[in-house]
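Just below sit the structures, each encoded as structure tokens.
You will see subunit A twice below: alongside subunit B first, and alongside subunit C after that.
Up next, the complex of A and B:
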């Protein structure tokens, strides 16, 4: 496997879990709701989307549905199928939001620590029900007939081998260019830390990504890593394979989730959420119906987790209850705390950090008899890093984000309007 | 200050047999038989009171039930018995947000600034029913959103200047001094555009210069149409600044009246003022 393939799989993971983490951040980081049951909405999003989109009477499946939404809209062509799948995802998100509404109404009046433990209990019950009730979603056997949108279109070929290589190659290089531009913009003004990232880390990563594979795999490896969107072995003329499409889809979904969350937070609405986090009595004394805000934040965060679940399903191609253990919630909490609570960029950084260590270290070459120790060491490493960060930077790597409600500038007002 | 739109009191809101303060005016707040018990302790024992426009002082020894009365009036505690009306609205069973929406807001005895938010944000939070406080308003952001946010920012700057905390707008509220926090609390309460503000010891721990400043501000605001119910321990300060005084003792209203009348009331002297001290 080329390094590029591994990176694509890792980035897809990171994008999906970042979306999941952003949902958690809306609840925990911005509103102060400790939802230890966040993974339940990930599961609901995955299951409901899969059941809504897969065909009825799938082999080996004895649960409810499927409802074949893409097939229904498929008469309109591939875009119709895609629309059907998007409807399915929306259904998954709505289901997650509705279940969180049902959970939230009785629990949100509880003090935060009781809320945390109750949410954990309810999530465990939901997972157990999905696992034990085979009539519902096939129980422990899971669902392996996950509908994958636009599957027939991939590997995407635009014509001959050279054309494919040129087009996807240029797109690949453009992504590198944009990433480089972004890195320079973000880090050039950051003093010593910025120089460290730009001057040391970027070249190190570049050597690892471009030079080392060349030593072992020659020009083929170099080409595959450089023109990463192009897979020469996909189809007769090469092209973009489905994994790369899932990555792009996940990144787009993450972008959407990020945008809507930022829009929510950087607004008077977000001010109320943060006031609730700080001291709920204050907004209450000022006439804000805080219970409704908490409920809405819970539902919105859960809907984002549901969307992440839908992407998870098409990325893995198989879902089963044991994929949605409570530890997934705590991984997300770790990512949020490491990156910076109440910071959406921090969540993405924290998620990249967490899954980078957790999955990246799988490829460290160790003799097989040490593989168990490596697995344990991986978790220990995450634990040690978490402790170090909490000790030296309790606010997380990036700290809480700044808030800004952009308004058209007025000549007379003057002063900073950043709030 | 923005326009005051004080609701017209209905005829049945005229004083009845409860001890009225300043009978010549229409009461804003009418409290009848409010009782609150915590376990075996009766914190409020049938409080009867009417509060009119202007500044009303609420005094009494520690444990007299002043803050508990505030908590019951603003919905933070549910009274076991009795009834409270704000103008014609029965607010006894209402939750704090609804009571604030009706036009009565409070400050807290220990200032509760939102420490990690800036002073500006603390103020911007206060105005009620903002368009952008609804999800749809926050997402869509039409002209109304922009105009409203501009207006609110202007008002917040204006009131911050009024309380002389405008140089601190971008600071986290947690970095303010004790006195500044008190000012922020009052400013925040006023930005909700209330009819009456319940101030719980706004002057405790405030230095004399600032104290006079706050009192001056409150008097200015009374002229603008605001009313205040003020808990305070400094008896001279109450006597000098309040038009009417309510004295509470052991969970009940001992007496009400003008500062002079209260000061010379023997029961008050015995229970609170301590004989020769006055």
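Up next, the complex of A and C:
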């Protein structure tokens, strides 16, 4: 397996969990709601989407459905089944939002620590229900007949081998170009410490990605890593395989989720959310129904988690209740806090950091009987980093983000809400 | 031969409640005095259980030489003490630092989550994820068959010895004795309550609230009469019959937790340190103004809480007969439910909350068929129901 394939699966993970984390950030970072049950909406989104899109009477499945939306709309034309899948995702998001509405109405009035514990409890109950009620979603056996949209189009081939290689290769190089351009811009705007970190990290990653595989695998490996969108072994003429499509889809969904939250929090509506986080009494004194705002933030965040769940399902191709343990919520909290609470870019950075450590250390060669030890050591490291960051840099690596219009603060010059 | 019924589920619920109470005592202490909703408490329970295992059954831990096995009770004591040391370490290294920075409640929650991650994975790292057992003497369960007959109550005890069910005792209580016993229990309970109660003013601090002491007097009377006033069997043609299974383990767990509750209560109410702890819980700044060394109080709180957590872990590992790295975290939710239910500021509240949770878990599972996997869910439904009606918990806010 080329390094490129590993990077693609890692980036897909990061994109999906970043979307999940952005939903959490909307609740926790911008509105101040500690939802320890966030993973429940991830699970609901995954299950509802899968059940809405998979065919009825699938083998080995004894739960509700499926409702085969893509087949239903498939008669409309080639894009009909894609539309059916999108409808299924929307259904998953709406289901997640509705469940969070039902959870939020009673619990949002509680003290913040009681809210956290109650939300954790409800999420645990929901996971137990999905695990134990086989008539619902097949119980512990999970669902392995996940509908994957546009599956038959891939591997995508445009014509001959050379044409494929040229088109996808140019697109791959364009992505590298854009990344380089973005890195240079970030480099220019950072302080000395930021430049130092980038100046060390970027060459290291570049050596690891380009130089080391070339030394071991020759030009073939270098080509595969450089032209990463192009998989020469996919199909008769090479082309873009499904994993790469899922990556692009996840990144696009992440972009959409990012855009929606950015627009939300920068709007006057989002300012109310941020004011609720700082001191709920103030917006209330100004006549805002803060309870409704909190409820809506909870629903929007949960809907984003639901979308992430739908992507998770097509990425893994199999869903089961044990994938949605409460620890996933804690991992997302870690990612949000490490990257920067109330900073959507920080969420992506934190998620990349977390899953980079969690999955990236698999290149360290340890005898297989120590694999539990290695996994445990990684999580211990993450716990230590979490505590250190909270102590030395409580605002996270990137700090709180800038807003179009910040909340009024003492010096009124900053772009953040840091009061 | 009668089958186990509601009464047995109730007794099981009390034992489960006692195990939860062991954790709830420590958690409520931290929650109330240090004001940290400590999510690492569950994993501290795990650590405590494994610390006792190090001395009780070292052969099961891969990197340790098999240096022989200490008796379970001794290993438990060593484990509890070591857990106290660990509690001091993380209070000094982590929580004190954050307190000096005036970290808010949410930061403390997340810090404790980070600590929980470290502790749980330390166990996984050092021991791995296999199920391990303590080396303890085998415990024989005695089944008490209670038969309500025309003449009164007959009790038959049976034990399983070498695969055979052996009847080890049979006795009974005629109706007149039962009525007299109930009257005596009520009388003793009320007498204790009335004699012990004082003229109350706002400085009155009872070591044990009179109601609890009165109830304890009643229960003690019933138990004493039950043991010493055993008469002949009252026939075996029963109208109602039920069975309870009890063993030394159950009795020990109940006794240890009640003793821990009592000791904690004595410390809080009679010692100078305890008064400083309660003052800190009420208002840390005011307590410091009056000369309370808040840092010392917090250190004691974390150490005592860690020791209580370890005790709970050892009891859990013994009760459930195996230890897993997730055992503590699985207990954390019922413990939180118990603490919030009981109101976070009193040991009695924590134990009462834990008993309610334990009873509702086991009795609920008994009453609702096919719900055995929903034990924790039942606890949470109770908690959520209570929070909806009274968002501050049954016994009020801190």
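One rule holds for everything that comes next: the second predicted complex is superposed on the first by the 400 of 419 C-alpha atoms of A that agree within 3 Å, B and C clash if a C-alpha of one lies under 4 Å from a C-alpha of the other, contacts with A are read in each partner's own complex, and residues count from 1 in each chain.
We adopt the following convention: contacts are C-beta pairs under 8 Å (C-beta built on N, C-alpha and C of every residue); 3 or more make two chains touch, one makes a residue touch a chain.
Quick caveat, the model's predicted, so the values are computed rather than measured.
Of the two partner chains, subunit C is the only one touched by A:379; subunit B is not. In the superposition on chain A, A:113 makes contact with subunit C only, while subunit B stays out of contact range. Of the two partner chains placed around the shared chain by superposition, neither subunit B nor subunit C is touched by A:176. Once the two complexes are overlaid on the shared chain, A:318 sits clear of subunit B and of subunit C alike. In the superposition on chain A, A:290 makes contact with subunit B only, not with subunit C. Of the two partner chains, subunit B is the only one that A:408 touches; subunit C does not reach it. Against subunit A, the residues of subunit C that register as touching in their complex are 37, 94, 97-98, 101, 103, 105-107, 109-111, 113-118, 120-122, 124-125, 128-129, 333, 336-337, 340, 373-374, 376-377, 380-381, 383-384, 387-388, 391. Interface of subunit A with subunit B (complex): residues 260, 263-264, 267-272, 274-275, 278-279, 281-290, 296, 300, 400, 403, 405, 407-408, 410, 413, 415-419. Across the complex, subunit A is touched by residues 74, 76, 95-98, 100-101, 105-106, 108, 112, 114-118, 120-121, 124-126, 128-135, 137-139, 141, 146, 149-150, 152-154, 157, 170, 188-189, 192 of subunit B. On the subunit A side of its complex with subunit C, the touching residues are 34, 106-107, 109-114, 116-118, 120-122, 124-125, 128-129, 131-132, 330, 333-334, 337, 372-373, 375-377, 379-380, 382-384, 386-387, 390-391, 394.
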